[in-house]
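Please go over the structures that come below.
In the two complexes below, chain A is the common chain; its partner is chain B in one and chain C in the other.
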Partner chain A sequence: MFLIFKRLWQVNWAEQWQYRANLLMYLLYWLVSPIIYLAVWTSIATANGDVNGFTANDFVTYYMVLLICDQVTSNIVIHTFGYKIQDGSLSGELIRPIHPMLTNALVNNVAFKILTMIGLTPIWIILFFLFKPDFSSVTLTGILLAIPAMMLAFLIGYFQSAAITALAFWTTRVYSIHEFYFALILLFSGQFVPLPLMPQLIQDIAQYLPFQLLLYYPIQLILGNLSTEQIIHGYMMTGVWLVISWSIFNWVWRKGVKKYSAVGA
Partner chain B sequence: MHTLKLLSAFLKMNIQMSLAYRADTIVNILLNLMWLGWELLSLNIIFSNTQTLGGWGIGELIALLGVFRLVNTLMIALIWPNTEKFNQSIRDGSMDYTILQPANSMFLVTFSRITVWRFWDLILAIILIVIGINMSGDLITAPQILTFILLALSGIIVIYSLWIVLIALTFWFTKFDNNVTILQALLDAGRYPATVYPVWLRVIVTFIIPIAVATTIPLQALRGELDFNQVLIFFFIGVASFIIASRVWKSGLKRYSGASS
Partner chain C sequence: MTPTISVQQLSKTYEVPEREGGFGAAVRSFFKRKYKDVKAVQEVNFNIEQGEVVGFLGPNGAGKTTTLKMLSGLLHPTSGNANVLGFTPWELKNDYLRSMTLVMGQRNRLSWDIPAADSFLLNQAIYRIPDDEYKETYKELDELLELEPLMKKPVRNLSLGERMKCEIAVGLLHRPKVLFLDEPTIGLDITGQARIREFLQEYNKRTGATIILTSHYMADVTALCERIIIIHHGQLKYDGGINDLSKKIAPFKLIGVLMENADAHDLSKYGEPVENMEDADKKFIQVKADEVTRITSRLLADLPIRDITIADPPIEDVIEQAFNQ
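Our next item is the complex of A and B:
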């Protein structure tokens, strides 16, 4: 098994490395909106003194950490896998004795992630000197607790996106469904603004949904804003949603593969 | 006259193509409405926490959203589909046929693909501008409306010219096929008044990738914040950038040698 993963890693790393110019463009594309939100909210906080207790520095640190968390927990499986189901190139992968979604596609995502992290690092350092955030509330324990939380959150997001991607077995409109899913993340994850500034109704719903685990929860963990109880609660939520997301994915995938009949078959 | 005929032929062809995908069009319109809802909600969240953003109220920001959507429609209805076709035609050499046709090649490259249903976005954008201005309570005079239209057009021409330059670069660097991503990436900065951004970001969105010239500045004209000289300058920038873009396009075209030769 180890050998298989090693080989998959070599292939996928080489494949992603080949597209490094595209990757840089993707990174730029993805960076812009958090930086805009940062600029908008710090300007409001500076003008009014604070926004419901959030100071300008709170916003800067929030979005600076968000840039990292989002990079760790997000995935691109819909873009790298959806077309394989549609054009039938999945057939070749299905006859291999390994799960295409849980081995090849997963390793591909990780390779992509590590490359974007390498690209993000210098940009992040430049932004650090431009905005000069005060990270004094960050503790080593917070970071150490956030790392497994983010990795599990990545898996939650990955299984959910993979389940949506697998809907391509039935419909050609998976990209539209995924766009809707993306809007849900925007609404409930704390991507636009720290969740306490959202309308009360959205905050109440967000508590029960997995999306805050992708961003808001790990950001707060790193910034050291959570009590022990909240940390435990977050980890329990992560566990529950991991099981739910995995089960949904597994169910959709099994049904889908049964339904699958390749183009040209 | 010749140009108009060509344009209407392109339109007809594109309407026929989109009629083949009716269900997709409906899904796309629904998604578009969803994003409009999100944009309005995000403005509501901002203004439930503050009175003004960079000196602008919620009415002005709704109007700005309208202007932003005008530019965004240009991106999605024209620039993206035509870029895709253009990059393809450079790679496989079908650019040959475009050049051989007895019409301006820049015109053909601009209008051969049109995402027709996106035109409803234009109507939506105008509604947003009207509602926003009404909500803001600003007094608008007829000359202000005229300068707004003038500067919105010249702003859109600036963005368009930048696009022409970006795709013309493909004539020199064939592998440069994510040419337009940088334009789309910074477009989001047009949703908010450029005055709230830190200086370095304001410089980028005003001078390097001049999104603000097409969004913030026309709206400033509508509110009567620009004097006559400024209006003249921004109008001149629009004309100048179009002339430069045509020049770059022509000299790029001279370098084109077909894919197989």
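Our next item is the complex of A and C:
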């Protein structure tokens, strides 16, 4: 199994590398909105002194960490897999003795991520010198706690996106469904606004949704803003959502493959 | 001994959405879709023993590929049963997938953007082929197909024939016991076709693998297969030896001539005139194969001929003639 992943990695890395210019464009597009939120919130906080207790430095550190967390926990499976179901090119992968979504597509996403991370590094450094954030609250423990949390959150997001992608077995409108899902992430993950600035009701709802696990939770872990109780709650939510997301994906996928082979692959 | 492949009453009906063109029809179909049942394969039965090379012959849309997809596990049948190597194909068990191969089209197992060598190594891992066995198989395949010069180029830069060779080779790395080949020579020139045929013959001899291939080239199946299965309009029309088939299909050739002032000459005394839409400049007659030489020389002697062609009639016509009377 290790060899399969190693070889999949070599192939996917080489493929992604071929499209590096493309990938850089994608990264820039991806970075526009968080950087705008960063700039807007920082200038508001600077003008007012603070926003509901959030200082300018709070916003800068929050969004600087968000840029990294976003790269780690997001995925592009809808773009790299959806068309295969629609144009039938999935057939070739379906009769290989490995799961297409849990091997090849997964590795493909990771290869993509590592390349965008490399692209992000210089941009992040420039932003660092522009905004001069004070990262004194960041601890090694926080980072070490955040790494597994982010990896598990990536899997949660991946299974959810993969489940939506698998809807392509039934409908050609998966892209708009995924856009809606993406809007939920924007609202409840803490990307648009850090969650504590949201109305209390939304904060209460967000606590039990998976989306805050993608950004808000790991950001706060890294910044050292969580109590032990909150850290445990976060990890428990991660476990629960991982199981739920996996089960949903597995169910949709099985039904989908059956449907695919019923109507003509 | 149980047969390697056994098929009973296998049927596949597609539900195809249909609507007229135009805006009104598009709106109506949004609310109520109409479906038409297309019977792609109807109650087909056959058994294939280990080591046989069987050709599925039939025009486009006859049901060949659908049958192949069911046998490889990509399609669920509407009814009926199939058993290959003791497995029910559409359960897609990994043990089954590791013991068969399906080669379909030019772009299947090879990644487009990277050299074929990388895709080969990936498949070695996927099919869990031990290194020494992999090297040995690769060496054999290289001997037969001359792969080495192609391995380092990105697949997108290979020609159609080169890509087909690589597709077939990569599909055989795990030494499958059963090979399903869908139109393995399509789009290739004559030399390319011949090379693939020779290879398959040799492979079958060396490994004793069971091979089913579809084609709409008569030459493919006559060169390779001792047994032919003809599927037409989804039904099994013929299952037997190639020699018996030639007796059943009257061997005709199509002679096409290009002449000055063509309408002034009557060709019906030489053979049966045939309308040919593709080549409207020429006039065509159908003659018995063993009379081709005699009639051709008469044509050349009698008429002001500028160009002459002799060809096999299209397989569609041959099957139509043989089985639709």
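Assume the second predicted complex is superposed on the first by the 260 of 265 C-alpha atoms of A that agree within 3 Å, B and C clash if a C-alpha of one lies under 4 Å from a C-alpha of the other, contacts with A are read in each partner's own complex, and residues count from 1 in each chain.
Rule of thumb we're sticking to: contacts are C-beta pairs under 8 Å (C-beta built on N, C-alpha and C of every residue); 3 or more make two chains touch, one makes a residue touch a chain.
Everything numeric in this text was worked out from a predicted model, so none of it was measured.
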Contacts of A:Ala47 with chain B and chain C, given as first, second, both or neither: first
Which of chain B and chain C A:Val11 touches, first, second, both or neither: second
Touched partner set for A:Pro122, first chain B, second chain C, both or neither: neither
Chain B versus chain C as contact partner of A:Ile98, first or second or both or neither: second
Partner chain(s) touched by A:Met198 [first = chain B, second = chain C, both, neither]: first
Touched partner set for A:Ile36, first chain B, second chain C, both or neither: first
Which superposed partner A:Leu28 touches (first chain B, second chain C, both, neither): first
Chain A residues touched - chain C or chain B, whichever exceeds: B
Footprint of chain C on chain A - complex, ascending: 3-4, 6-8, 10-11, 14-15, 18-19, 89, 91-92, 94-98, 257-258, 261-265
Contact footprint of chain B on chain A as seen in their complex: 21-22, 25-26, 28-29, 31-33, 35-36, 39-40, 43-44, 47-48, 51-52, 130-131, 173, 176, 179-180, 183, 186-187, 192-193, 197-199
Parts of chain B lying in touch with chain A, wherever the complex brings them together: 23-24, 27-28, 31, 34-35, 38, 42, 44-46, 48-50, 52-54, 175, 178, 181-182, 184-186, 188-189, 191-192, 196-198, 200-201
Chain A partner contacts - residues on chain C that touch it in the complex: 14-15, 66, 69, 72-76, 90, 92, 94-95, 97-98, 102, 104, 107-109, 111, 113-114, 118-119, 121-122, 124-127
